[in-house]
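Below: the structure, in structure tokens.
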């Protein structure tokens, strides 16, 4: 097995529960060894179904899944050797923490001494060395979460699946656990396929993110690429905050285009998803890339805007302005020492580089 | 004055209505099935017609438990109960029953005083007899090959294979078992009074135990025969007679080794409608009524004066009743009267032994 | 302001008092809310049961009706010959009892201790008024049994108002006149096999001991059968989609809504030798007309009918527990490498123990007191102890012994409940 072949490969996988609607439509994905890949999407987008097919709990209706180059459609879950962390942790309530961890080793007929050594090591890894004799119910949510992770890893699987494992935790704990899981991944070099609907979680932890919508992968890319260069309106909207401007393409040349908005203004943008003049399009523009009172002539898009609302958020100020006929245009003004002071009702000039403005599908 | 005279008829009318409204309703308890029907036809209906009172008829399975419960709770619902002799005696001894004086009963149609008209032993301080009935055994002639004729045949499953129905109670069974084992009728109770005698009776029953279906209510044996659950069963003779007479069942009664007993009226202590109930007792035990009952079921009247009036089955004029009575001479050749004193003395012990034997 | 200051000043006491006051009001309300039910249960359940059990210890029949004899018997050492004073007291009591029409009760009471003495009492009482001193000879003249010390011993035993005799009898021991106990007479004992296969041995048991043992055995078997049959059904119901499982649940509950008498009688129609099951077996040639199986009026009939009737008691708690087990546990076990069987046995089954416990204890306790079904389909070897209690309640009229049997049954149930608590734990039980 060469390191260059992907660990997991989905090939034209489809899934339907009722024989009428496809919840997963023609899914193709390679998961590289050692990477942390996140399936991100709203609920019902098919991401959990893909995970369950990989784990073996749901059969694929069509297509083939390969693990280590071996087709696994007919391999039962317990022979796949895939670790899994469930949303509600699924720690066995009638066993102690140590027994939970020993369970996968026991069914693999490992000797008692080996079992104990491994369980202790796994507990230490998640800083729960003292808690082996407790029952899951006697642990806090964060501790249970760590046990679940330790249990999925204790038998040294090459691949670990995590199904929204942090969903039940509060915000602070969730952030802390994100780092912990990330560090465990980095230290062990294990391959992780992670499912979540929380984009910041996905951005924090992943090497690559597959954005799901409506049974289809919208974009598969590294976090920064996803954010900076969304390939369609759904991704742009789903990842981070985004200003949308609708219009029609009036000129198209060298990967750049001019878009005429409903208000009659002309906006310069990068042509991403448009192929011909006259096509409708959605312009995507990150709020933090909009500048207030730019140096005149230094940028290619400049418009007049009226400040409708200001929200003070400490590190930045959120301004809602009326611009290009829209009243929901958001600008993030960094709270830096030299930021331009604006007040509600002010009329200001705003602008952005055409490189930051992407013309996507309508 | 005028006003008063005018009012008089109205007052009379009012008092008459009141008289009707206050007509008594008595509760008479008996054994159910064809037997209760015979009482309803012969006693209840004529009495109700003659007095305007109502009779509520209830069924029970014998024994004194309900009477005891009602009397001890001070909440007596029953006015009259049809009981076996041993229960009549025991209930009287335990103070559960009202006294019923034989001298208050009507004289026989021939003028004989009641005390002399009733057969000896058919009344006690607390009970007035009505009928003689008998525990016999019967078989289904369509299923049994040959003709069983003796009590020994009932216990002989080699000669007459097939299931047997027996009442789940030692009474009458122990006697029949001994007679089947060769004990003459007049020695049965002296043998049964000894431990060896009890062993002997149980041993006889043991010989057919695995073939026995046990019954408890009097209506069950004809049903067991009809359903084919058993080919032979002990039963109360009237029940079998009625199944034959009314439903044309192919059942035959074997009188050899019959154990006969009495049924008597008793009144629980504190019965709610004493006077009406007493009137009912007098009415139902007169010569004609007792004879009338015998046209509905083959149980013999306890009055000498009634015997000559016994005629035919109520809807079959050809069916003479006298030969179907337990007391008919042809049926009495090898018959045994149930000894109430023996059973009063020994039924607790024999019940226990019988139950222990059943459980084996 | 003032109140606040007082509060601070006397914080400890005042706060506690206030809390008590507030709590008292809510406690009183809670008490008043349950009061009607409490009274109802006390009056209709606790009091009658206690009174009934009390009858197993308390029997004043003899001492109340025969006070003088009782006084004499209390002095008697059970060994020496009964003297004239005892006979005189007896005659005086017999005369009174005859007058009061209570002699039958005394006779019945003594007859329970020594069979055959009933008529000795009733016939002697009839003549007692005419007897003259010396009463010893006079009485023995009337009935020679009066010379037998055994009848005096029986009377002495019967004269105890407070007695353990009935409870002893319920366990097949009899009380002697001197207060010691002996085993029930051999004629009322049976040899019976206990255990099965190579481990069976014969013991000589009294009829009650045998019945208690059989009751436990039948209840245990019914519980096991209910578990074996109910577990897969409950599992199916818990895993099917809601709409299908609701439909099937109605099938489980349907028998619940049918009269127990109807269900038992239907089993008679099904299982009797001319019944549906045997007809089918004959039709398909499994057996012939002469070889019809005895499926009813025996222990088998009791087991079949009781298992059917009690099945919902097992299915319902199991179902509610299984419904609460998320499928992710079994999935987790499989993802960790467990086969289907291991995942079921090590992960799923242990989590259903609360349901098994609740179902088993429900079925067992209901079964142990079952009456109507064994009475109707039990024949002779399918009878249970409750049928005996009924026998003594309704037929032999020995309510004290019935109370003794009932008391022993209650103690057995409590003991088993205690045992269950020690082994499984009562908290580990979920009714639904």
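A, B and C label the chains in the order they appear, each numbered from 1.
The rule is simple: contacts are C-beta pairs under 8 Å (C-beta built on N, C-alpha and C of every residue); 3 or more make two chains touch, one makes a residue touch a chain.
Here the structure is a predicted model, which means the values were calculated and not measured.
Asker: Farthest from chain C by Cα centre, which chain is it? Let me know.
Answerer: A
Asker: Which chain's mean C-alpha position is nearest the mean C-alpha position of the whole protein set?
Answerer: Chain nearest the overall C-alpha centroid, as shown: C.
Asker: Provide the C-alpha centroid distance between chain B and chain C, rounded to the nearest whole angstrom.
Answerer: Using C-alpha averages as centres, the distance is 34 Å.
Asker: If you average the CA atoms of chain A and of chain B, how far apart do the two points sit, in angstrom?
Answerer: From the centre of chain A to the centre of chain B is 92 Å.
Asker: So the centre of each chain is just the mean of its C-alpha atoms; given that, what is the distance between chain A and chain C in Å?
Answerer: The computed centroid separation for chain A versus chain C comes out at 66 Å.
Asker: For a test of understanding, state which residues of chain A touch chain C in their complex under the given definition.
Answerer: Against chain C, chain A makes touches at 55-57, 76-78, 80-84, 86-88, 90, 92-94, 103-104, 107-108, 151-152, 155, 161.
Asker: Inside the complex, what are the residues of chain C that reach chain A?
Answerer: 326, 328-329, 331-340, 342-343, 346-347, 350-351, 353
Asker: Please output the residues of chain B touching chain C within their complex, sorted ascending.
Answerer: Where chain B meets chain C, its residues are 63-66, 68, 90-95, 163, 193, 195, 198-199, 209, 212-214, 227-229, 341, 344-353, 355-356, 358-360.
Asker: So in the complex, the part of chain C that touches chain B is made up of which residues?
Answerer: 100-105, 107-108, 111-112, 115-119, 122, 187-190, 192, 206-207, 210-211, 214, 272-274, 297, 379-381, 383, 388, 391, 393-398
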